[in-house]
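In what comes next, subunit A is part of two complexes: it sits with subunit B in the first one and with subunit C in the second one.
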Partner chain A sequence: MNRPMPTHTHFFEDLLNDPMNYLVEASMDKGKIPIGYTCSYVPEVLLSVDPLIPIRIRAPGVLSTEIADIYLSSVICSYTRSVLEMAMDDQYGFLKGWVFAASCDHMRRLYDNMKYLNQADFIHILDVPHRHGNDSFSWYADELKMLLDNISSHHEIRFDQAALSRAIQDHNDFSALLTSIGDMRKPKNPPLSGTEFQAITLSSLVAPRQSILPKIQEFKESLSRQEGISDYRARLLIVGGQMDNLGYIRTIESTGGLVVADHLCTGSIPRLAPIRMDEDPVTAIAAHYLNRISCPRMMEAFDSRVDDIMKSIEEYRVDGVIIEFIKFCDTWGIESSLLANTLRKKGVPVLCLEREYQMTGEGQIKTRIQAFIESMGK
Partner chain B sequence: MKNKILYYLVYTQYWLITWMKIIPFILRHGLYDTVRDLRQYPWLWIMLKVNRLLGKFGKGRSLRYQQAVSILVSGIVSGVTDMLGNIFFKPDRLIIHEDMIPPEIFNAMGLSTFMAELNGIMLPMIEPHAMEQYIDESENQGIPPDICSLPKSTMGLFLKGQTPPAKAMVTSNLPCDAGMNSYALIEQKLKLPTFRLDIPYHFKDERALNYFVDELKRMITWLEKKTPGKMDWDLLREICEERNRMVELEMELWDLARIRPAPIAGEAIWLSHMWFFNLFPGTRQATVIFQKILELGKQNLAQGISAVKNEKFRALLWNPPLTHFIDLFNWAEHAYGVSLIMDSMTFNRLPFIDTATNDTMLQGLALNIMNGPMARHTRGPAENYMDDIFYIHKQFDLDMLWVAGHIGCKNTQALNGILREKCREAGLPLLIIDYDLSDPRIVPREGIINQIDHFMENIMKAKRLDPKSKAA
Partner chain C sequence: MSIVAGCDVGSLTAKAVIMEKGRIISSALLRSKTNPQLSAEAVMQEALSKAGLSMDDIRYCIGTGYGRKNISFVDKDISEIACHGRGARWLNPGARTIIDIGGQDCKAVRLDKDGNVVKFVANDKCASGTGRFLEVMARLLDIPIEEMGSLSSKSTAPITLSSTCTVWAQADIVKYINSGHKIEDIGAGVNSAMAKRAAILANSVGIEQDVCMTGGVAKNEGVVQDLEKLLGKNIKKMRKADPQIAGAIGAAIFAMESLNGRS
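Right, the complex of A and B next:
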């Protein structure tokens, strides 16, 4: 599939080149407080209560991790190593705080090392339970309250009910807009590629929503004038963890695949589902993040993850599934084997793609995707 | 000559004792059934070679030290026959459990247990290459090679269908992502009712204790529904009280180990803890073994005899012991006079269980699980890891820290940078041994010896005391 990038897409892509893009800089000039977070179990909606702005931590452009490897070793996922490398290079110096989740071994140790190396003056880790249920839900809700108390005391911000409800409303409106664009990928000839959609979702994680909203609306309007994409060979669903480099999906699509849906930490399903507005805000937020986010770290949710994937396969008319994960990730490493075998038994073609955080091995990836598409008879 | 004769006398004595435990078990099980089960569970062949441990642990050691480790091996054999008895004679009450969940509650419910990770820990001690076929099986099913080889061994065992049929399975989110996630695969393979305990990351306050006690209560209720087991609180009290007696004896053993030179050391301390506290806590048999080992240590102390004939250095071992080089410290004692005094798997700060009420017992057990070595060190915040190391360093008058740097343990690998800097600050010589926990193909025995030689010669400025074995 060869398709020139529309002008809007360049705008979104530009925001991804630097942790402190010009929209963040402009917001900070207006008194906004950027808080970095590393995992989908950290509710970005809480960090978007005015004057906070949530910044999903990425490490664009890190080519090597020599210094981080001294601390984290070379057998830790390259996302966490890249983040530490960038932090030690003081490229996150503009952040006014970090929020981690004790979501996996690698994140916990990134937190430990960040704390030890004194890279941030406000640093907090959320203890996220590994199962669903009433007790674990209460635990997580309490964790969120403790996070709010900690931020309040550090930055002197009041998280009253009205402010939280407003943040949820903004989150839902924004998510609805992104979802409506994502839904355009369901028809046979969608007006946008997976790369374009990922550019929007990723940029929305690293730029203030209010600043980026008009551009996304413009982009959506422009799609009505776009010709549908027809020169693809297979419709693909991509499943995995943190994937915040456009290069991967671009490479997949350069071989004739069209990524029509994603179940990624940094993607759209189920992250963009709405948060309930009819209950206590913290309770609603806890319910959304603990119960909707779907990571293999949740011990009892394998079957529901499979069900969600099967549902997307049907809705988005998917031909094949790519399970991608960063090398050394234990949760996705084991999940990928189990998930691939389960999906194959259901007749779904699956490719497991172990990769590095930064875009590397483009030629090898292309060869594997081409072989995968050919194996589907496409 | 006299020493050699004494060594062989003790060896033969315990060789006979262990076979006196194995043979009646085989007779009770029946020859036909034994042959059938040896085919179905080929790892039993390796377990039958358990007497190799008498040689690995006993060879070249002073008389009472050899007796102590031989008593331990005989206790291990008793434990294995008991465990196999559970599997073969009480299959209707059998549950599979993860190694991070000790069996006190299961035993009090009248359930039989099979610890899923036991083979991956025990078999390489007897036969270093034992787990390779199981690791390969996991990798052939798509499990990435960088995953810890212990869960890979465990998954491989289940994937090969070499585990006994059970009624249910109990696991947890400990000790690491790989360990936790391996049970998703095992559950799919076995299609067994599975219960998962959730242990908080912030586990040091009352909120966490209450949360986890509720988890244990939820587990008991679940087991009562899914298995024939029924909670007997009086039996749990007996088990906890017996466990407390075992703890008292162990603390006396630690007091002996604090003395320089130590009258008792090595496996007599670490393997006794690992085996009995994880597999048979609160059993009379375990307490008796501790009593016997302690008595031998006291006799050595009274006569001014040290366990290691020429104790030059006192070491702390961090992370699980090197299972496929299980006689490492017997070797190190002779090569450099290095005595293993304490290790991360043995040391704990919350040993006793209050048996006043049902709730206090559950609280005590909960604290023990949450503060288990791989729970608080491997998964918990880095402070737990560092604070314990430097506390033990001072408490036990140690000269060096050896970290078993298992390549598959990402949790501990990611703390090596901080540890190096803190050891430098504290003036504690640090050796990080690169190796793989269950797979000697990654770094073989000779590779481990080379690393130790470099450390001892360059950092500790020590010469080998056994030039012959170096040449060999």
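Right, the complex of A and C next:
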């Protein structure tokens, strides 16, 4: 794709180079409190109640994990290892707290080791049910209240109804803006690439929303002046867990694919759905995070996930689906096999891409993607 | 003249095929050099000089293999998965399942009745089950790689390798050499380990006949015979050309189709 990039693309990409970016630093100078979190079942909206700012934990630039390997078993995924390595190297020392979710065994081991080794100022783990239903919902809502109580007493913050409602409103406004940009990928010749869209979604996970909002609005305005992308061979939907390295989607797009939609933990669908404003804030937040269709850790929701993917395939005119997962991820490893077979039976071309957390094996990935696109006759 | 070429730059060897009217008029195979461009230039030059041609005579050229993006003289590049599929199809028109064992990876590809790739899997993260594994083992046994295949038929008591990890298998081989096992029994065990890895891949794409092998390891009769036993299927011999140049043949066929406006 040889075309001028939309306004501020480099600005968003630069925010992703290090665990701490200058926007977080500037916010801290104004008294904001950055809290790190690791999973989509940790409600970032709760961590965005003023003066908190949520930081999704990534491990940019970690190439080897010598220290983490001492403490973690050999079948723990490379995302977990990389985060522990970065924390042990004190690169997340600026955080004023960590919130984990017991979303998988790997995250539980990360929490254990962080508590034991890192001795963070504030550390909390949410117990998240694996099923939907009234009992699960009550359990999860109670877990969120406990989290609020703990943060509140530790950082001496009052989470009153008005503050929570404001955080939900900000979340909804911000999500609506990102969704409106994501929707621009539906036409035949979208004005932005998958890499450019991912740069915005990822930077919105690691930078204070109020600081980044004007840039995203300007980015969106600049898209109306962009020429639509037409030199691609296939429109792709990418499905999977934590994918926070721009290199992967850039590599996919370098082979002629155009990523037009994503169902990633760190992506846009369904993460950006609005939270209800007409009920008790904690109840609404619990319902939003527990009930949205997202992670295969939720049992009995496979059919809903398939339906949701099929809906995106139609809306975004998708030619093929790439299911990506990090090696040793039990949750996505099992889901990928079931999902690939189910989608193929529905006539959808699918490529399963097992990978490491950090971008490695670029040549092999290019060969697989190129062969996948060729096999679709594109 | 509608002369076309395919150039396959792999991790261990570079291959070039020149075709005219659907017939191979020249081919070459060389050990890969330090960078893909040098390998491609050298192998193409050899194929051209064998045919008494120059690069100006080539109407269309397609690159493939891991170095395909770095060859300056190709008109287009296509993945080695598609090229091996198309090449195998040319070598055996009934080919539906292709097992390609190259220098640094091992792939299984299933084709539809028209020769299009339907499904593929690759082991591209580990040296076991690749040509590199065989090379390392041949070096340990101090025999030329070309002789590895014949050891299986001479063996009476093949060893069983407890690990197919190239690094750990080396330790096993040294142990067997030191304990006085016959070279042919050790070599047969190595071939059998290779076949087991390839069989896992082949089964995972779903086998349809004819089954064919491409890549350098297709010339190792020990691996081929063990694979036949494991799959319970006959692996069709391809005598029309060297199976190691199947990727370059496929690239040349794609070049011919591009020239004729079919792809």
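Just so we're on the same page, the second predicted complex is superposed on the first by the 368 of 378 C-alpha atoms of A that agree within 3 Å, B and C clash if a C-alpha of one lies under 4 Å from a C-alpha of the other, contacts with A are read in each partner's own complex, and residues count from 1 in each chain.
Quick note on the criterion: a residue touches a chain if its C-beta (ideal position, glycine included) is under 8 Å from a C-beta of that chain, and two chains touch if they have at least 3 such contacts.
None of these values were measured; they are calculated from a predicted model.
Judged by the touch definition given at the top, the superposed model places A:Q169 against neither subunit B nor subunit C. Legend: residue contacts after superposition of the two complexes on their common chain; A:P129 is shown touching subunit B, with no touch to subunit C. Judged by the touch definition given at the top, the superposed model places A:E374 against subunit C, while subunit B stays out of reach. Measured by the number of subunit A residues touched, the leading partner among subunit B and subunit C is B.
In the superposition on chain A, contact of A:T179 is made with neither subunit B nor subunit C.
Looking at the shared chain after the overlay, A:Q364 reaches subunit C, while subunit B stays out of its contact range. By the touch criterion defined above, A:L72 reaches subunit B but does not reach subunit C. In the complex of the two chains, the subunit B residues touching subunit A come out as 141-144, 146-148, 151, 173, 176-178, 180-185, 187-188, 196, 198, 200-202, 207, 211, 214-215, 218, 379, 381-382, 407-408, 410-411, 413-418. Here subunit A touches subunit C in the complex through residues 361, 363-364, 366-368, 370-371, 374-375, 377, going by the rule given at the top. By the touch criterion stated above, subunit C contacts subunit A in their complex at residues 66, 69, 78-82, 105, 116-120, 122, 124-125.
The touching residues of subunit A, counted against subunit B in their complex, run 70-73, 75-76, 102, 104-106, 108-110, 112-113, 115-116, 125, 127, 129-131, 135-136, 139, 142, 296-297, 299-300, 302, 327-328, 330-331, 333-338, 340-342, 352, 354.
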